[in-house]
Amino acid sequence: MKHVYLDHAATTPLDKRVLGAMKPYFSKKFGNAGSLHLFGQEAREAVEKARESIAKAINAKPEEIVFTSGGTESDNIALQGVMRANKGKGKGLVTSVFEHPAVLRTAEKLEKEGFEASYLPVTKQGFVELQEIKKFLKKETILASVMHANNEIGTIQPIEEIGKLCREKGILFHSDAVQTVGKERIDVEKMNIDLLSASAHKFYGPKGIGFLYAKQGTKIYPLMHGGGHENGLRSGTENVPGIVGMEKALEIAVKEMDEENEKLKKLRNKLIDGCLEIKNSWLNGVREPRLAANAALGFDFVEGESMILMLSDKGIAASTGSACSTKSLEPSHVLRAIGLPHVKCHGSLRFTLGRATTEKDIDYVLETLPGIVKRLREISPLGGK
Amino acid sequence: MKHVYLDHAATTPLDKRVLGAMKPYFSKKFGNAGSLHLFGQEAREAVEKARESIAKAINAKPEEIVFTSGGTESDNIALQGVMRANKGKGKGLVTSVFEHPAVLRTAEKLEKEGFEASYLPVTKQGFVELQEIKKFLKKETILASVMHANNEIGTIQPIEEIGKLCREKGILFHSDAVQTVGKERIDVEKMNIDLLSASAHKFYGPKGIGFLYAKQGTKIYPLMHGGGHENGLRSGTENVPGIVGMEKALEIAVKEMDEENEKLKKLRNKLIDGCLEIKNSWLNGVREPRLAANAALGFDFVEGESMILMLSDKGIAASTGSACSTKSLEPSHVLRAIGLPHVKCHGSLRFTLGRATTEKDIDYVLETLPGIVKRLREISPLGGK
Amino acid sequence: MYSKKVLETFRNPKNIGEIKNPDGVGKIGNEKCGDVMWVYIKVSKNKRSQEIIKDIKVKTFGCVAAISTSSVLATIVKGMTLKDALKIDKKQIAEELDGLPPAKMHCSVLSMDGLRKAVEDYRNKKAKAD
Amino acid sequence: MYSKKVLETFRNPKNIGEIKNPDGVGKIGNEKCGDVMWVYIKVSKNKRSQEIIKDIKVKTFGCVAAISTSSVLATIVKGMTLKDALKIDKKQIAEELDGLPPAKMHCSVLSMDGLRKAVEDYRNKKAKAD
């Protein structure tokens, strides 16, 4: 059976070149980067070289990069760590209603601790509004956290402007850039970002590794205590192959970004246009500014999970929006946030394209999907066909 | 130059067979285990198979295994998570003075939150005493945490008996088994363990992955919030290759354990005996019960770091005790705990053998070390030679 | 997370669709929750003059579990007396599918409720006709 | 964590050892802290009749940084006038080694203190002899 993977926002395959870069660090240069001896020094060197290169890729300083186990941990350190360390200043956290659960659940946890979180609304088009943000940022606010691009609908937020507003008010600004690192240009200086989260497996790097950028001087408490690694911010033996792999993956992604995005956008638009030929369908969020790889669609009268499984039976991997392990019954909070009525939220289908995606893949989806929607509409009591 | 790696307690090379098991999950079966489609199901299956196999290896149930990023995280979830979730019961945490920093620093953090930690002393031989523990366990005690084997001196603690004492008093019992999983038999039922930490890179598995065993029904709060993975205890996209690799590594380690330990003990004893022929030297901790691979020695009038680097120049990787990234000036807390005077703590040298260690390696160390000790003693003002 | 049986049933659902001129129809669920089922039944009598479900078809808008439970319920009760059919336990439906994820157990309840409503509708109509 | 220069110096330390019949000895540090240095000096006069360090040797018990700083200090001050030698800044020693880890900066202080003590010892002895 033909296999067409269109769920790159959930995770990506490890790039062969990345695995190649990692290989020496598995069984040969395998030392603990905390060890003094030659094996340790070799590992330490690799870690610091990777740190430098990653810092450069987002215009940060090496000492501003903290290696973590992934996007979730980065988000958690940023939110929990900054709020707790800056308690003296106030108790406000501003974030948006359509953040990833790694931010939203952490914000809720902080609320239970006595912090006050407020949640920015988003427009029907899928954006937070600067006018709104101005209203939300208070003297008491310690931190604002707005994602760079939304993982479900792919809309890219005006980060630079949000950062500017925060700077003006002396409020720290975190951006969950898990969906954009390696896919959109990031310049933490220019974009006025104080903290930024990334996860390697989203840009063809290994799973289990990510990083947090934290501007020099930002007060943060660690989540985990121990050997004092990463300047005390993240204890635990360094995942050297993971770090090396993340660096290589980011290097490749940045180098190939423009060309890749151009290709992806063409294929993505073809996919969107083709899907919209199915009656009673729509695109979630606007086309621009949107991640080049994201096609988030909706189909009336059918339910997303059923579409996913029928597509999967045809070898096509898609998603209803996010790949969380809590299969909650609630319809997507993102789609609700952009004002979609409940029933339409249930009919959502997200395709996210990637490096290996070909025009043939898109053709195959466009051949396959209409029949699936039709079949499900036949057995659906909705729509009154 | 000949390379002799004798720092296996810091980290181990990835076993080639383990890398072989991981390979399909990098770029082929690379799905997100939270995804519904075929790629996700493939990943989910691998994760759950690994969970079953790991559970079996320590006589636990699959749902009692939580995948983490390593030993430090496991220790932190166990201590922070259990203490906070069981606040209602009391505020006592009992641990020992010679735990790993991942436990000690976390205990200190909990003290700052208002919990009360008490620290069991250890004997000159390197053991916590049951008599002492009885005195420390109070009605208010929520959790006791005693490591299975000490990472610096390798002494193996009477875990089963400690667990029994805890059970009798209704106190939860955690054991940091980072140094023993895959090296000593572990049966959480028999050993009365409620929580247990492990880190794959210590038993020839990948870096960046570990697990926490938590007995069914144990109340724990998560450290990280997000998608609700691992039953809500540890959010974040599963590190599938890491999990698969850890499983394979544990399987191999358990299978080869007896034979391996027999070999290691012989080589280790030869190394100890040879080192002790150097004048003014000693073994830290007793020979039994001790990790088969651990030779923790001390040399008067010289300082550990200098020995490490001189050995490293000869291709030999050893350690002063632990591989932490905070190069603290304090002498090892473990050696202080077993009553060694300060100056003797500074002269410590830890060799930890591994699968690839040969008799030739030991011979090479025994040829090399005396000259290094001699040289350093020559430039040392101590000892009055 | 779904059992093989759930997936198989989803792939080849039975008794899915509509009955023209049904004797009873039960509409249950709501669009908001993402699960809607319409249960159509045809009733006749068996040799012992008991009312039985002669035919049943279900239309479902919903997740994989909703579609599978619809199919399984219909398959189980087809041919049963109304009395016996209404006694079906939601657990039996889940067991028939080798279990359902905890979050999806409500689907089996939903399908039972749909059947109950269809029988009610049939009885109401009959009462009116009588 | 150590610079290449530190490691090189550690590998080939200069002026390490003892001077028989030294003009001054400075013993500094303590075993507890893991750093002990004994600084031996031989003093003579230059053409302008200034007292200079004609020879210096250091014995060190301590970490890599301790041994390297001992060596560097000795190399720097050898041949200097006592006055100039005592003005050496600890930063200069660290710079000579391309930097020291923050936690190890005290080693350079220690070696300076050792030198100071040796000079003191020399002056005390001289005062007595005079």
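The chains carry the letters A, B, C and D, assigned in the order they are written, with residues numbered from 1 in each.
Everything that follows uses one rule, which is that contacts are C-beta pairs under 8 Å (C-beta built on N, C-alpha and C of every residue); 3 or more make two chains touch, one makes a residue touch a chain.
What you see is a predicted model; the values in this text were computed from it and never measured.
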Fill in the blank from the handout: Chain-touch separation of chain B and chain D, in steps, is 1
Problem - From chain C, the most remote chain by mean C-alpha position - result: D
Problem - Centroid spacing, where centroids are CA-atom means, of chain B and chain C in whole angstrom - result: 56
Practice task
Could you tell me the distance, in whole angstrom, between the mean C-alpha positions of chain A and chain B?
Solution key: 33
Completion exercise
The distance between the C-alpha centres of chain C and chain D, rounded to whole Å, is 92
Fill in the blank from the handout: Shared-interface residues of chain C (touching two or more other chains) are 1
Problem - Multi-chain contact residues (two or more partners), chain B - result: 36, 305, 309
Completion exercise
Per the touch rule above, chain C residues touching chain A in the complex are 1, 7, 10-11, 13, 16-17, 27, 31-34, 36-38, 59-64, 66-67, 101, 103-104, 106
Practice task
Write out the stretch or stretches of chain B touching chain D in their complex.
Solution key: 301-303, 305-306, 309, 313, 327-329, 331, 342-343, 345-346, 378-382
Fill in the blank from the handout: Given the complex, residues on chain A that touch chain B span 3, 5, 7, 10-16, 19, 26-28, 30-41, 69-73, 75-76, 100-102, 105-106, 108-109, 199, 201, 206-209, 223-230, 232, 235-242, 305, 308-309, 311-312, 315-320, 322-326
